[in-house]
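Read through the structures below before going on.
Okay, so subunit A shows up in both of these, paired with subunit B first and subunit C after.
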Partner chain A sequence: MEHEHIVSSFDEDLGRLDSIIAEMGGLAERQLADAVDALSRRDVALAKKVIESDKQIDLLEEEIDNFTIRVLALRQPMAEDLRAVVVALKMASNLERIGDYAKNVAKRTLTLSAMEPVGNATQTIQRMARQVQSMIKNVLDAYGAHDLAKADDVRMRDEEVDLMHTSLFRELLTYMLEDPRNITACTHLLFVAKNVERIGDHVTSIAENVHFLVSGDKPADERPKNDLSSQTIVE
Partner chain B sequence: MELAIHTDVSANARVNAQGLNSKPHKVTAEGVNVFYGNKQALNQVNLDIPSNMVTALIGPSGCGKSTFLRCLNRMNDVVDGCRVEGEICLDGENIYARGVDVVHLRARVGMVFQKPNPFPKSIYDNVAYGPRIHGLAKSRTDMDEIVMTSLEKAGLLDEVRDRLDAPGTGLSGGQQQRLCIARAIAVEPEVILMDEPCSALDPIATAKIEELIDELKENYTIIMVTHSMQQAARVSQKTAFFHLGELVEQGDTTDIFTKPVDERTKAYVTGRIG
Partner chain C sequence: MEHEHIVSSFDEDLGRLDSIIAEMGGLAERQLADAVDALSRRDVALAKKVIESDKQIDLLEEEIDNFTIRVLALRQPMAEDLRAVVVALKMASNLERIGDYAKNVAKRTLTLSAMEPVGNATQTIQRMARQVQSMIKNVLDAYGAHDLAKADDVRMRDEEVDLMHTSLFRELLTYMLEDPRNITACTHLLFVAKNVERIGDHVTSIAENVHFLVSGDKPADERPKNDLSSQTIVE
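Moving on, here comes the complex of A and B:
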């Protein structure tokens, strides 16, 4: 909105919320990139760094929690301001979960790095992660620019992630059927794939919140979903 | 008493047509202009007020919301140089039509003011005053019944039951305001106008009045001017936003406060410089 608040410190509050979210988002995006990078390069040091860095995201979420409660109590925001505060609170929770999933990928990387590599699964996971990373980047841009079209576009792209997840699921099942010695590594990789897929879901949720922030309404249409892994069997 | 309320045919037709689709509006205002001397205070206001709901009128000082409220029971008649144009109907009848009994109108459309203004009389007589001049009670028992019921409805009875002969002016501010509400409902109005009814009260007294307004809407149509946006959001179902004598936006209260459409409404409800 072009006008400033009569109470100028309220503008500072809202600006601070935006900048904490931007910082959290940047961190979450990098954590995912580093975690998957560590997985594909079997880089134990990088994986440990990812595990360590998750604390930063947790601290920022706590800061958003405390700060939004303060803003709600002291400013009693209305209309667009109210949406901004509520959306920041929900986004912080999504971003914190994204951080947790990246951390879990890093933990499994420590285990997987001590085992024989299995097939090409890590490459597929990397492709999937790149897609999710670009969704994170775009949804943060949409948030910063209040760009409705961009947020809606991110929301629609989760379908591609679901498709990749389904195909990974089949691939890993096949490796396990081929040789039972693959089962341990493949099970960890299944969880890694699931983590990346869940991150995609959180990004979609953020996109829906950005839609609400900008328009005042929840997205009306159903988004396409294509995660068929729960029905997949390999014979 | 003569009840010569002239019916405006076109207004009646309009309300009836509406009735086919939904509940008719209790009060309808169309093309309302108000002038104080040469100065125009309201400009072409069209606003329909639904029955048994609380409608909040909001807007910055001088926007015309109180002026509009005062049109609804012709309180502006007593202001020198004030001229009202357009049509305001109560149940489809034009209240500015010739021959309308203003005293009777004000019994149907009661009013509660910003500052509690009890009469310098006993609590009992404050409430009994209206029914007495309108001849609503046939006996002392009737009058007792009206007074007690009105005090009960206004949520004041328990606090004053044993001192009905004490002066109304001796009550606390919040109690005085509830006494004024009891006084207003004693004459069995259909509409209650409230002009910033809580602005002179502390938060506890305010909460009691808000609770009361919520109960009263079961039986009355309430139109309230308030400067507290949180209060409008809490107690009203419909909200109308006025700015510089114009009705800028009206609609469901939740929409006005969560996703207003007009830029001026947005600026006002979010506390920005408009």
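Moving on, here comes the complex of A and C:
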């Protein structure tokens, strides 16, 4: 094995971590937008593109994993520098999962495009997704600017996503009860909605990591949660 | 702030990480077993206990997070030692998610216990859960023994869970089509089944981390996946 000359500084390493995270975040945001766009326009080609593109996010996570271990070994960072490396590792894992959920929306879009559309469910999912997309964008900004208030704000906004999800859950159950021909499509839409809701949870977890990065502590207060879908009964 | 005397060795630190992971893993396995047991026996008290106990796993993850950062800062480990610390951090995150999924099964059990039982779905879920529990147990053994072959074996067994999940998905859709009064209960059962399937994915991810810990590389081959539920249509 050849010896590598270490010419970069730790600041350059951190800069590289930041830029990979920014790239992953931008891709994740785009994948979610494209997946939900494909769903609402029944665009099979776009859904296939989303499924295909997920590999890029996976590769970037691997790059972060390897680079992180290298940086820890070579630089042995302390205090805030160490937090920055650990936070990058955790954020990469959240962003990879967001990509997976977008891919699953795209997979179900392929199935749903072969079936009759159901009510307004797709529009509600689009509204939820727009909220989540804006949360992804803002949490990446908060990370880039080390902005504690902005990260905390994103964390609080997940409650709205939970509320939208609970109401959509009820709406989809109602469509199924009204007409059994909707059952298969609505089941896939329930999972699409759940995927978007889970993306919101991962954005929240990124926001908590940004909080930790900037302040050195986890947020002290409990986050308000309002996903009551697991308790919903529609007769 | 008082100065702390560092009297422990790095080996003792690793031992402590291992024992917290073993405790988390044991708890996660128990939580899944109890959640599915509560579901099949319609045991509301046990379901509530599972929901309550999830906090313990969350606290252990926090302990791993804090301890890991401390160990990295104080010991500045290299090579395999560094891998061990990073892997513990990642495994803790997987085990915390497994706990969350078990908690969600318990929450839905509270809802389902108020409704009429549906077909044999609960038994199929129990079979899936038993397979996943044995995977959790084996992956923890593989981690404790640094056993590469055993970790790889667990990784391959997730395919059976995927197959069981796909067949259960189809079965539950059929119950809904047969009788609309089953729709709400089956929807919650679909998510219960999905939760168990996702736990299998997290066990797989732990197995891949054990592989990396022991060998220094990620598994080279693609893992066989067989969850076709996202493509399932029942007319």
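Please note the rule applied: the second predicted complex is superposed on the first by the 227 of 235 C-alpha atoms of A that agree within 3 Å, B and C clash if a C-alpha of one lies under 4 Å from a C-alpha of the other, contacts with A are read in each partner's own complex, and residues count from 1 in each chain.
Everything below uses one rule, namely that a contact is a pair of C-beta atoms (placed from the backbone, for glycine too) under 8 Å apart; a residue touches a chain by one contact, two chains touch by 3 or more.
Bear in mind that the values here come from a model prediction, so they are computed numbers and not experimental data.
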First, second, both or neither for A:Pro180, with subunit B first and subunit C second: second
Which of subunit B and subunit C A:Leu110 touches, first, second, both or neither: second
First (subunit B), second (subunit C), both or neither touched by A:Glu52: neither
Contacts of A:Gln231 with subunit B and subunit C, given as first, second, both or neither: second
Larger contact residue set on subunit A - subunit B or subunit C: C
Which superposed partner A:Glu12 touches (first subunit B, second subunit C, both, neither): neither
First, second, both or neither for A:Thr68, with subunit B first and subunit C second: second
First, second, both or neither for A:Met78, with subunit B first and subunit C second: both
Contact residues common to both interfaces of subunit A (with subunit B and with subunit C): 76, 78-79, 82-83
List of subunit B residues in touch with subunit A within their complex: 229-230, 233, 257-260, 266-267, 269-274
Partner subunit A, residues of subunit C touching it in the complex: 62, 68-69, 72-73, 76, 78-79, 82-83, 86, 89-90, 93, 104, 107-108, 110-111, 114-115, 173, 176-177, 180, 183-184, 187-188, 190-191, 194, 218, 230-235
For the subunit A and subunit B complex, residues of the former touching the latter: 1, 3-7, 10, 76-83, 215-217
